[in-house]
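The two complexes that follow have subunit A in common; it is paired with subunit B in the first and with subunit C in the second.
Presenting the complex of A and B:
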């Protein structure tokens, strides 16, 4: 064991890893929020509840259908994404021409309802979800012990984030999305069914949240309030990165996870507030966020 | 000359921006292969007419028939897919898309649209700028891009809103030649234009608008005889 700035390397790398894990979830969740905000101009306050639903979907699939982690990784986002499609069709679509505040109120209310329902049925103590067998254990890297599942979470989150970025910034379909974000009326007059794109975009953003939920299930307990605990931090991440910027959401998510981890090592008292302090500073200096476009 | 059937027949078109009633029964038609120009002062409803035909303004009544098919209840994406393409006054170049993505954005609605090579033949500048951000182009290039991209769609009826606005004379000339070439290729064009000289070189017929209504209508052949009236209408 060696020391860096008087800190044992084990502790330092341990917190860095924890930071990267948290950052993986921050990135996935703020990416979903950014995608939804770009297209719908709605700040999706249901996002935390949808993340929680993803975790519960994995849990319930295992309990009642014997469907394990790997299939759940695909099925849960599809199921919860489909509920997102229904929410967009039933509710959000009707709010499109109103002040964005209505969308915020609606999604906030939905989050409360959904979390209340889950708390009624499942109580508020966490339910356990096992790490899949193939990812049990870990490896000794010499300077630290790396649990396999945590490594997998970081890799998968990074891969999904980059694939989403590529899909939006570099593909034909993505160019429709960018264009419709900029000027939906004209894109529609070019023969593209924008309302359907909006619906699917919301479904996709929700599916990202659900995917994060499945990934989180073996790390944190599956519980009705797991989303509301996390989402507050994620909103701060989004504010720091800048609403609507895809790469901004990803980079900020990972970076702030790491910053938070490092704070735990060097100044533990501030670890719960450091992100909000950064948010306050960013709001003062660059109100549009680090990656946001002004105007 | 026998009357060709109208490709686009607009009847008693009324339209509203929120509470304000902006079109009061516009009736006009455009026949296959024609260039028809809407004239009138600023704010008389020319752009609104194009947008109402295109379904961009959703609160509208009356009748818009294209190839005999009623469009008034369709959404603008469905109207585009039935074969009409729209080039807006503000050009609508997307800043988050490069030139190529801008070109490829409008959906191909019918076979027979121009391929990229033929679009570059009309607008050679675009070929060199394919990877530039759409809004980094000059005003003239943006207008070429705005027209070029709707030629790909296969739509045979083009609604062009003030294609020469704010452009240098040499660019205006080039746009004029292009519209002439498009006409020769069989495109049908409904044009809104403030630049009367420009329109006069291209149009087969004119409609004059005032206060959301069509107040006069004449063919290119009668242009000379109508000059005085026109000066009155347009206040030039």
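Presenting the complex of A and C:
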């Protein structure tokens, strides 16, 4: 044990770790929002609800089918991603030619419906979800105690983020995707099924949210309102980073998580609001966002 | 950017003023007769929200800006009015001015930040700023945290009219709301309002015509925030309560729903929408969380198949402007 700026190292690194965990979720969620926005020009307000559905999917798979954490990590995003595909086909597709504000209102309405339904069935209190056995416990690093599960969350989230970045920026499929974002009509003329690509992109963004939900289930309790407050913070993250760049979304997400964690140590009263304050400052200094290209 | 109103209503220009005048007369007559039939507190609540929705509509309907954080102005005005009336024992007219002025100041700050970005970002920024101020309200001492400010005295208006009396209070609320309504109607039909509509239709072109659109947008935002604050202040006196519900994001969602159901960019739509949503919340209150589900479903339905809203549909069918 030693002290840094008069703060015990355990507390400082503990909060730093918590910040990295939150940052993992910010990064995954803002990445999903950026991917969806790039392709559909829609801000997906349902994202928070879909994150919550991911956590519930893991919980229900365990309760009713005895399916544990590891399979749920794959099954839940697939299931929730499939519901995303349905939502895109049924609703979002009809709004393509309209002002994007309608997309925001529609997904907001959907978020209310989903949250309301889950509250009806499961109430408002949190439901516990156990850390998988293989990741129980932790190790002492000398300056702090590192629970295995939390280390896993950070590593997995980083891996998924980087894989997504690689997929979009460095592969052939990703180049189609980027091209379709720039000029869908031209890409269609090359014989690529753009509408299907749009649908799958939405499904993928939703699956990312659901994956974050499964990862969050053992850390926070599973509850119907776990997504709605988080999504507003993620919106601020997206405004700070700007949605023009995939890497920008990832870096901003992790960085803001850490900043929030540090604020909890040095100035706990401001920890809820620090991200919003940063957003206001960024808007004053650099209105397009840190990684944004245009307003 | 595309406009929010995708299907412009064909209007015979010379009839425009007449149809609005007739509808206004009907509305005033209905509101004057209503307290004999309907529970006055319900009516006063609906009236406050009608003003709130009209103020919100000023932005989305006439400038094309979707603010997702209007609860900020409604709620904080409500807190300041309640605090001024209770802790400083100010008479109601001054308490309302304190609340409304607070909303105006918050409008300058939030609007100044939010108009730096367009479209979808504008919505996200206003939402985030409102959430920040929600946390302040949760933390601040004077707001009473989870309890809110309860037992706010209504006091005597101008030292003469006792607002504790239900009828007097109703008349007062009705007069203020109608004044706000007429002010908004005047604004959207002024030269200033025409510039706002030009910004809605095509901001780039408006800039090229030499208008400083940022200033127009900011002024419209501050007006909208101020009138939302007036609605919040009234609401605090009606219920003698200011609470966290008034600053929560669900309140911003409610006002958006009211305007959408009634008809974005219509003069009377927000009023109709406010009465419908308040009635719905009132009668469905016993169904608990189903209210949330139904509201969400109405949202989805409106966006998908009913974008003109009730008043917009009526106006289109009659080929008049309402």
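Quick note on the criterion: the second predicted complex is superposed on the first by the 293 of 295 C-alpha atoms of A that agree within 3 Å, B and C clash if a C-alpha of one lies under 4 Å from a C-alpha of the other, contacts with A are read in each partner's own complex, and residues count from 1 in each chain.
We adopt the following convention: a contact is a pair of C-beta atoms (placed from the backbone, for glycine too) under 8 Å apart; a residue touches a chain by one contact, two chains touch by 3 or more.
Just so it is clear, the model here is predicted, and its values are computed rather than measured.
Residue contacts after overlaying the shared chain place A:172 against subunit B, while subunit C stays out of touching range. Contact with subunit C, but none with subunit B, is seen for A:269 once the two complexes are overlaid on the shared chain.
Of the two partner chains, neither subunit B nor subunit C is touched by A:128.
Of the two partner chains, subunit C is the only one that A:91 touches; subunit B does not reach it. Of the two partner chains placed around the shared chain by superposition, subunit B is the only one that A:191 touches, whereas subunit C remains out of contact.
Of the two partner chains placed by superposition, only subunit C is touched by A:113; subunit B is not.
Overlap of the subunit B and subunit C interfaces on subunit A: none, as no residue is touched by both. Here subunit A touches subunit B in the complex through residues 172, 175-176, 178-179, 181-183, 185-194, going by the rule given at the top. Within the complex formed with subunit C, the subunit A residues making contact are 37, 43, 91, 94-95, 98-102, 104-106, 108-117, 119-120, 228-229, 232-233, 235-236, 238-239, 269, 272-273, 276-277, 279-280, 283-284, 287-288, 295. Against subunit A, the residues of subunit B that register as touching in their complex are 54-56, 75-77, 79-81, 85-86, 88, 92, 94-97, 101, 104-107, 109, 150, 153. Against subunit A, the residues of subunit C that register as touching in their complex are 1-4, 6, 60, 64, 66, 68, 113-114, 116-121, 123-125, 127-129, 131-132, 135-136, 139, 249, 253, 256, 260, 288-300, 302-304, 307.
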